[in-house]
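Two complexes come next, and they have one chain in common, chain A, joined by chain B in the first and chain C in the second.
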Partner chain A sequence: MSALLNIKWQNMAFPFVGLLAFLFFWQIAASQVTTTLGSLPGPVATAQQFMGLVDEHEAEQDKKTAFYQRQEQRNADKLKADPDFKVTVRPYTGRPTFFDQITTSLITVATGFLVASLIAIPMGIILGLNQWMYQALNPVIQILKPISPLAWLPLVTMVVSAVYSSDNPLVAKSFINSAFTVTLCSLWPTLLNTTVGVANIDPDLKNVSRVLKLDPLTHVRKIVLPSAIPMIFTGLRLSLGVAWMVLIAAEMLAQNPGLGKFVWDEFQNGSAQSLARIMVAVVTIGIIGFMLDRGMLQLQKWFSWDKRSELR
Partner chain B sequence: MITLKRNAVALMVSAVLVSTAVQAQVGAPEKEELKLGFIKLTDMAPLAVAYEKGYFEDEGLYVTLEAQANWKVLLDRVITGELDGAHMLAGQPLGATAGVGTKADVVTAFSMDLNGNATTVSNKIWEAMKANVPAGADGKPVHPIKADALKPVVQSYKDQGKAFNMGMVFPVSTHNYELRYWLAAGGLNPGFYAPLKGDNTGQQQADVLLSVTPPPQMPATLEAGTILGYSVGEPWNQAAVFKGIGVPVVTDAEIWHNNPEKVFGVAQSWAEKYPNTHVHLVKALIRAAYWLDQDNNANRQEAVNLLAKPEYVGADAKVIANSMTGTFEFEKGDKRPAADFNIFFRHHATYPYYSDAIWYLTQMRRWGQIPEAKPDSWYADLAKKVYKPEVYRQAAEELIAEGKMKVSDFPDFAKETGYKSPDNKFIDGITYDGHKPNDYLKQFPIGLKGDQKL
Partner chain C sequence: MSKTYLDLSAVGMRFKTDKGFFEALVDVNLKIAKGEFISLIGHSGCGKSTVLNLVAGLTEATSGGIILDGREVDGPGPERSVVFQNHALLPWLSVYQNVELAVRQVMKDASKKEIEEKVRYYLSLVQMDHALDKKPHEISGGMKQRVGIARALSMSPKVLLMDEPFGALDALTRAHLQDSVMEIQAELNNTVIMITHDVDEAVLLSDRIVMMTNGPAATVGEILNIDLPRPRDRVELADNPHYHHLRQQVLSFLYEKHSKVTRLKTTKTTKSSAVA
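Showing the complex of A and B:
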């Protein structure tokens, strides 16, 4: 019993000490760096600025309510003047707040990552099962893999502009640009890990499948997937990490809505508060990245056939 | 008897015409949801004011304002239709239509402001320049400071075999032409563009090498030492003063008093597709510009607080206030009155004058962006193609009919030709007459004229 308590205590204490040391170091280091916008914000200034962003968000919500009330009034007046008037409610035109930008980024990364996974996992299984296909496609994959999102972005932007043109688009072009860039860059870890995982299935299991004369689909479902799952998830976790990093870069470069644009706008503002606001965004990006990875791990625990293996 | 009758008929016809002109209401906007782009500069103020004061909504428009990364992105997005319209450099619609850089038809019916820019040099360059600037009775440098003071500094760089780099915001920007005008008036060649040879750097035969830097990045680029000075709109000159990294030496109002600056640009195809929307937009912008100058700039402090919001310019309010509230700070502590630093409505600032458009075209020709000689008629025709005073007039007449503005607020539309009378309020005293662009160009010692080609 006391041993158990000990472990729990340690589990809590060490991360706590680590974080505290980090915050301390941050506070000391930040005050040493002086920029033309004042010294670098430490944890305290960053926390204060976060509260400021919360206040701004609330103020914006009030403005939004007022906007809809005004619109309702205007539409009612029009309806009174012309009974045939067709009322359309226009969405709020105000600026996105920090929290709106977080939501946008999360939706974008989810879309891009989902599309990437839907391509990478089936393709990885095929490449893992078929040696010839693997040899044919491997060079292409190796060349495409290291391309930076910043190099893809101009191409993606031009292609999307050319292909996706409609007067009343269902989703914004900027969203497609960001999501597509995320897909292109986050595809590879999942693809390669799935391929390796599938290729390295225990020969005994393959023999079992052969003896039982399993049809190809059942073979994949009963033999390949369960044994490749750990590798697939390793790939997915790497991909998700890449996806999140790529998204922020893409948003910054292309001015697409999201946390990246928030950072860039603040950099351009160059006010006394800008650095602290960028710091809030940086910390947020880190925490969200961490939570995404934890979420994926949870998913893996839930999916994994072998519940005894230690996951970290 | 017959002539009398004819006169009566003419009178009646004209009476009908006049009354319809007043009564003819602009229909509902064809498009209600609009996205307008801007660059983080104080002269985007009419857009922010029209939004925050509800002028857009009064016109039935639901407008989203979106900051853009740089002037190129902004122009491209207007052309592709991602943006319905934008705060633009006056040279952008003209340059695009004339085929300088981009080729696309962009028009404007609303001029956003007069003046509003300055040229800043780094502390080191200022120290060197200051020796050549006469001091007044109060010990402060006498303004306007001419580029003559910079000339020996550039020469010393040349003697050491070092390049003298300066920044401006876009090849067809007001800032590019202002900086070039100032340098050339001081005997420094800012270099020519030679598009026929495929050279679009604008640095042929240059004493001073100018290159493009987006406005908000100017102070950081100056600090990094990549450029030694720059020409940009506010608040990026005052920001250099506050950061202690540079000194504004000359404002654009000193280079050409009350020069036209930004415009509100839309794609020509957009203007044709949504004519009513266009008029409604211009109406809202006229009201915003009026508000900005109302009662002798009484609203400027409120405007400063608006612009300081992170979604608009975002710089600190005290930096923005420096130029927006009637003063301008040169060297740290040398704050001088500058009531006209940025004009939004006075002097018919919002009316799109053909002569303003033609001035920009003359500068494009002067520096080789328009590589070959053009007759005077070409200048007039292009100005007519891009500047749309008829849309402005419609908007103004609507506002007068609604009682929101007075007839006296606007030029006399019946008599207005779109050409301002010849003007010599330039730093070099040369007279500009919009009717004679080629004669104007002949007066410059530095610059292409006549049939000259590179």
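Showing the complex of A and C:
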């Protein structure tokens, strides 16, 4: 029993010590570096700035509620005076706060990643099942795979501008630009890992399927997909990591609202607070990336048929 | 011998390799009656598995042909079900679902209840009805092989093909499963082809033992009729002189006429090293 407690204590203590050491060195190192905007913020300054951002968000939130309340009141009054009055609700157009930016970023990355997965998994299954298709497409994939999101973005922007034009767009162009760039860059790990997973199915199981004369769809559903699940998830986790990294870069360039734009705006702004605010964003990007990966891992554990395998 | 049910005539198989063609099987002729239990025995690499795969339709013969119940074999199908050496159960399905998948394939229009009855029947036949919801990794090797056998039987095959079904099991589990197979055989009277390395197993289970010569260019060497009365009991057979005579004939084929290894001093070591 005490040994068990010990292990639990260890599991808590060592990460804590590591984190503490990191914060300590951050504090020491940051104070040594002086920039034109003052010295680099350490963890304390960053935490303070974070609280500032929270306050800002709350203030903005209050303003928003007040705005809608005023509008509602006004509309009600007008409706009372004139029953035929057509009520129009004007959206609040305040500055997006840090937390609004986070939400936007998450929505964008989710969209791009989801589209990428919906293309990559079926495609990977086809390539894994069909040797000829694989040989035909592999060179193309290998060439497209290493292309940087920064190289894609101008092209994507031009193409989206040309193809997606509407007077009343459902979503902003900048959103499509970044989401599409995320898709382009995060396709590959899922595609390649799914292909490998499908191609390496136990030959005995393939024979079982042949003896049973399973039709192609049942074969994929009952044999191929479950076999390839671990590899598919390896690919998805890698892809999500790539997607998150690409997104920040794309938002900076595409001027799509989001964490990337927040960093860029602060950088251009150059106020005394800017460095600390950028630091908050950097830490936030890291933490969100970590949580996305954990979430994916949880999903994998949930989907995995083999509950014995240790996933990390 | 009664009417031929499964007919292998002049079957040959060669594989293409980097060094040209490799002749695996040459002129294999074998006629099997309905309800017969046939063992294929021979040294490693003699093409036993190739014969089985050809009958299963998993590979295609380069010459000759196989006719089952008046129809030529082209491609695999559930009427020639296979018990794989390493069970080949789908690890993500439960014991029940593994058999259910097979039953569904052969009873496409059956109701849910009919399918369930059938799955339960075959799993009780191999005494695995107590572990319906277990996953393959939760049961022992012998149990997995039982489920593999139930799955193969549940397709109501014309021929049941067993590829060293007990090869990966320990001696006691193996004996237990052999008895089960004999009981099931007495009840269902399937036509069976079984590959084995084990002389005792072959004599105990078979109606005829087909002994194969060594590869390359392997073929049927001798066929031995096992006219021991059924039901057979392994303990009683241990004292049966005729049993020992039959056993001796298989051993002499394998280790005198078609010995594969250079003989060591003691015969016992020769046997075990040849079997391995």
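What we mean here is this: the second predicted complex is superposed on the first by the 295 of 312 C-alpha atoms of A that agree within 3 Å, B and C clash if a C-alpha of one lies under 4 Å from a C-alpha of the other, contacts with A are read in each partner's own complex, and residues count from 1 in each chain.
Note that in this section a contact is a pair of C-beta atoms (placed from the backbone, for glycine too) under 8 Å apart; a residue touches a chain by one contact, two chains touch by 3 or more.
Since we're looking at a predicted model, the values are computed, not measured.
Chemist: Identify whether chain B and chain C fit side by side or clash on chain A in the overlaid structures.
Modeler: Because the two structures are overlaid on the shared chain, the partners are seen to fit without clashing.
Chemist: With both structures superposed, pick whichever of chain B and chain C touches the larger number of chain A residues.
Modeler: Of chain B and chain C, B contacts more residues of chain A.
Chemist: Applying the touch criterion given at the start, work out whether A:R221 contacts chain B, chain C, both or neither, answering first, second, both or neither.
Modeler: Neither partner.
Chemist: Which partner does A:K301 contact after superposing on A: first (chain B), second (chain C), both, neither?
Modeler: Once the two structures are laid over each other on A, A:K301 reaches no partner at all.
Chemist: Is A:K8 touching the first partner chain B, the second partner chain C, both, or neither of them?
Modeler: The answer is neither, since A:K8 touches no partner chain.
Chemist: Once chain A of both complexes is superposed, is A:V208 in touch with chain B (first), chain C (second), both, or neither?
Modeler: Second partner only, chain C.
Chemist: Mind working out whether A:R90 is in touch with chain B, chain C, both or neither, as first, second, both or neither?
Modeler: The first partner, chain B, only.
Chemist: For A:E266, using the defined touch cut-off, is the partner it touches chain B, chain C, both, or neither? Pick first, second, both or neither.
Modeler: Only chain B; A:E266 stays clear of chain C.
Chemist: Looking at the superposed set of three chains, what is the minimum CA distance between chain B and chain C in Å?
Modeler: 52
Chemist: Would you mind listing the overlap between the chain B footprint and the chain C footprint on chain A?
Modeler: none
Chemist: In their shared complex, at which residues does chain A touch chain B?
Modeler: 36-37, 70-71, 74, 88, 90-91, 93-95, 161, 173, 255, 264-274, 277
Chemist: Any idea which chain C residues touch chain A in the complex?
Modeler: Residues 56, 58, 75-78, 80-82, 84, 86, 88, 90-93, 101-102, 105, 135, 137, 155 of chain C touch chain A in their complex.
Chemist: Considering only the defined contacts, which chain B positions touch chain A in the complex?
Modeler: Touching chain A from chain B are residues 32-33, 40, 51, 54, 57, 60, 62-65, 67-69, 73, 80, 82, 216-217, 219-220, 223, 239, 243-245, 308, 310-311, 313-316, 319.
Chemist: For the complex, give me every residue of chain A touching chain C.
Modeler: For chain A paired with chain C, touching residues are 202, 204-205, 207-208, 210-214, 222-223, 226, 305-306, 308.
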